[in-house]
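Okay, got some structures for you below.
There are two complexes below, and they share subunit A, which is joined by subunit B in the first and by subunit C in the second.
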Partner chain A sequence: MFKIFRYSLSDLLRSSWSYFYFSFYLLLGFGLLFFNPDVSKSVITLMNIIVVFSSLIAVVFGIMYYYNSREFIELLLAQPIKRSDIFIGQYLAVSVSLSLSLLLGVGIPFVIYGVADADLVKNFLVLMTAGIFLNFIFVAVAYNIALYHENRIKGFSYAILFWLFMTLIYDGLFLISLMMFKEYPLEKASLAATLFNPIDLSRILILLRLDISALMGYTGAVFKNFFGTTLGLTIALFSLLIWVILPVLNIYRKGNKKDF
Partner chain B sequence: MIEFKNITKKFGKLQVLEQVDLSINKPGIYAILGPNGSGKTTLIKCLLGMTIPTSGQIFVDGQDTKGKWEFRNQISYLPQIANFPKNMTVTELLRLIKTLRKQASAEQPLIDVFGLKPYLNKNMGTLSGGTKQKVNLVLALMTDNPIVILDEPTSGLDPLALLELKKLIKIEKEKGKTILITSHIMSLVEELSDEIVFLLEGKIHFRGTVDALKTKTQTVDFDEAIAQILKPSHV
Partner chain C sequence: MLRIFLCIILLYSQLNVFAQTVRVCKTCELKTLQAGIAQAKSGDTLHIEKGIYKEHEVIVDKPLTIIGKDYPVIDGEMIGEIIRVISDSVTIDGLFIKNVGTSYTSDFAAIRIKRSKHFLIQNLKLETLFFGIYLEKSDDGIIQNNYIKGNAKVEYQSGNGIHLWHCKNVQVLNNKIYNVRDGIYFEFVNNSLVQGNVSINNLRYGLHFMFSNNDIYKDNYFEDNGAGVAVMFSKFIKIENNTFKKNKGAASYGLLLKEINDATISNNIFQENTIGTYLEGCNRITYANNNLIQNGWALKMMGACFENKFIHNNFIGNTFDVSYSGGNTTDNRFDYNYWSEYAGYDLNKDGTGDVPFRPVKLFSFITTKVPESIILIRSSFVDLVNFSEKVSPVFTPEHVSDSFPSMNKF
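This part shows the complex of A and B:
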């Protein structure tokens, strides 16, 4: 697995996409931190962009990488290596390369702006944790979609749809259901619903840390009241971990069964 | 050496292989023939574990191959469609396969034979179909393995390269290897193969030597014999 991982990673790190993605975050980080006097506001803006944008890039890039390396995968399958090593190795390489772009792109401005500020460092770490989780989750989902769909157009559409669902439609449906059932106590239901959306989970993770959850809507407030900060953070982190583990297990399972 | 036991493969409703039993016990060149869609490539991919049979077992050297990967250390494989990662150079590709296979490899003589030297630092995406096939051949033949599988080895090759390929296959045979070839070039099959396995609609329809096929179909010409065997009276 390590060989495939290393090879794919070096291939990815040479691609112009990685640099483009890295420079995007670099510019964004500098722009927000240096031209906005209020750091916590910049962090929130940065959070919103990272949560939405990095998940989109992860799902698109993941599916693109799989389809582009389709022939390569066939070549590898005839070699004396374990089947699952190919898929898991590639998956890790894509996720790690995207995470590196994010980490360095946002990290460099943060370091220059103020490493001494302990609070800022903590905020940065939480932001990166959420972003990296989202990369690993959305690339895993993309790989799952690609493994089930030979048709590239279909695969792409499902990938984009999944992202759209998690970023927009889910919240919409969530709000509509809250309105419809407003006579009932909905705290627990809304809590449960949040756990099924990695985007919401990473938002909560960041908001709990920034201690502004009450400002950012219903779910955040409920989450905080129900679990408190520490338990809330643990539960959010744990759920994100599940969101990584389950799709990866399925890549492993499907990768061993699929016909080429 | 290689044994297919009751191999059935379905892709959804489409049945590609139907209870194929085939054992290959002695070294030599075996041609797997059959019309388009008769299951040749699927049979080969099942052997390699790239396609998972719906039912049945495959043994290589007496070992069940299901879920295993180590047995691929003994197999060299030339895929039918030579599609490679486009942004990789020929040298990089060779290096990668060498690291993956962890075997001694002799690519240099093959590179010379096929005249690939000027292309070594070119990206795979910029190569012509025939040149890609030559790279494909180098990748497949550079390691020394007891089983060699060549799926349409001639596709896209110029006459000179074809001649070289025939020589190479003969050399491999002399080393005592088991070589499986699929091809639509009948003259190549007639010239090289020790035995023919003829697949039709996912079943083995004929197995034997070229001469046996000619006798069975009462023809002197190999092309004619193949045409005959496809006729209803023989089916």
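This part shows the complex of A and C:
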């Protein structure tokens, strides 16, 4: 598995896409910090971009990489290598390379502009953790979709649809149901609902770190009381982890059974 | 005529001659404040030397000037009230008063002034207190440059820093108040001035006043108070040049206005509050030249607000600029404000935008109805919804708009 991972990673790191993606974040980071001296505000803007954009790139890039390396996979399958090793190794390579682009692209400007403040370093770390989790989750989902669909067009559209569902449709349904059941106490229900959407979950984890929650009145305080505690944070991180583990297990399962 | 005049001069000089200085210290003949007051005559000056005086229930019943030298400590030993003034023309200056007793029936204070006029309370340090300076039906006095630091833990077991009840023409100037229940509390106080005070970290309100008309609140600083500043049921007040900062929490307001009529609120700074200014049942308020920066809700208008004017304010980086609900009529006007969210253009370069700005976002409308929906803040869906509502308003009140939004900050 490690060998596959290494080959795929070095292949990815040589591809111009990785550099393009990396330089995008680099420019974004420098631009934000240059035009906006208030670092905590830059973190908010970065959050918006990372949560929406990096998940989109992850899902699209993941599915693209699978379809493109199909011949390579078939070649590998002819060798005496464990099947799951091939898929998991490739999956890890894609996720790690995307995460590296993100981490370095945003990290370098932050380091150069000097984030000495311990609180900001923490915010930055939360931001990066959320971003990296999102990469791993969305690449895993993309691999799942790709494994189930031979047809590239179909695969692509399902991947985009999944992303669209998580960023927009889920929140829309969420909001509509909140409004329909507004007579009931909804704090716990809405907390639970966020756990089922990694994008919402990362958004809230970051927002609560950034002290905006205190400005959100009573309900904000309730959310902060949940996510601010170690238990809440553990639950949030755990559910993000579940979001990684379940699709990866399915890659493992499906990869072992799939006909080529 | 001349004779009467001479008589007056003579009387006055006689009075001056009789006004003496009485010394109180640990080694003097007079060892306690109480003894000093008993010894002194009307109009005398009492000099309290440095030392610790364990006293309570000290009653000042004649016009005296009590001056502490190097902050002598008056220690109430947590028994009861410390100084009570029941005479006109009393000055108290430079004492360090501490350990006021706690009572839930008689509101013990470090200094209570009861039915007196022309008092001057200044340069005091008050610590470990229940109530600090408590004025009861007293008029025409000054309270200035005092430092009050409480240790309030729970609301029902603590008192207020400066508490005025049924007073007229009082000036509360340049006091510093920390950690009490309400920093400054006014009830039925008219024609008074509150200026240059600092009120930080109080359990409930930084400033709280009710039924107090024709008062001026200027140059004060309020930060991190449990419920911010609340003013209620008052008319013709002026609130100018104050700073309301970091009042965060579930029920915390920079400035809460309830049933306030004909007030002027201008040149204030509201920064990082959960709710910058909250209005309920307020009429004919002129709200001008204020800076509302990075609040959760900059302005929250609940029902029954008529004919209020919001002009030349800066709304910068607030999560919600205006939240508007309930039976407000269409005659509240928002004009010539600067909105950092404004995305319009100014073709004729006259400094005001050519398209009106509508400060009520759909999402703020939704969160007023369903507070839990706040969890979706800054999600892409909410941005999308806000955008579509901005393009073609359906739910948000149509008349709440700034027809002449300024392009530049004031």
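We take it that the second predicted complex is superposed on the first by the 245 of 260 C-alpha atoms of A that agree within 3 Å, B and C clash if a C-alpha of one lies under 4 Å from a C-alpha of the other, contacts with A are read in each partner's own complex, and residues count from 1 in each chain.
Just so it is clear, a contact is a pair of C-beta atoms (placed from the backbone, for glycine too) under 8 Å apart; a residue touches a chain by one contact, two chains touch by 3 or more.
Keep in mind that what you see is a predicted model, and the values were worked out from it rather than measured.
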Touching partner for A:172 - first (subunit B), second (subunit C), both, neither: second
In the superposition, subunit B vs subunit C on subunit A residues touched: C
Partner chain(s) touched by A:95 [first = subunit B, second = subunit C, both, neither]: neither
Touched partner set for A:190, first subunit B, second subunit C, both or neither: second
Which of subunit B and subunit C A:42 touches, first, second, both or neither: neither
Partner chain in contact with A:72 - subunit B first, subunit C second, else both or neither: first
Which superposed partner A:11 touches (first subunit B, second subunit C, both, neither): first
Complex contact set, residues of subunit A against subunit C: 41, 44, 47-48, 52, 167-169, 171-172, 174-175, 178-179, 182, 186-187, 189-191, 194, 199-200, 203-204, 207, 212, 214-221, 223
Touching residues on subunit C, where the partner in the complex is subunit A: 248-251, 272-275, 294-297, 317, 319, 366, 369-382, 384-385
Of subunit B, residues touching subunit A in the complex: 11, 45, 48-52, 67, 69-73, 75, 77, 79, 81, 83-85, 87-88, 96-97, 99-102, 139
Complex contact set, residues of subunit A against subunit B: 3, 7, 11, 15, 68-69, 71-72, 74-83, 256-260
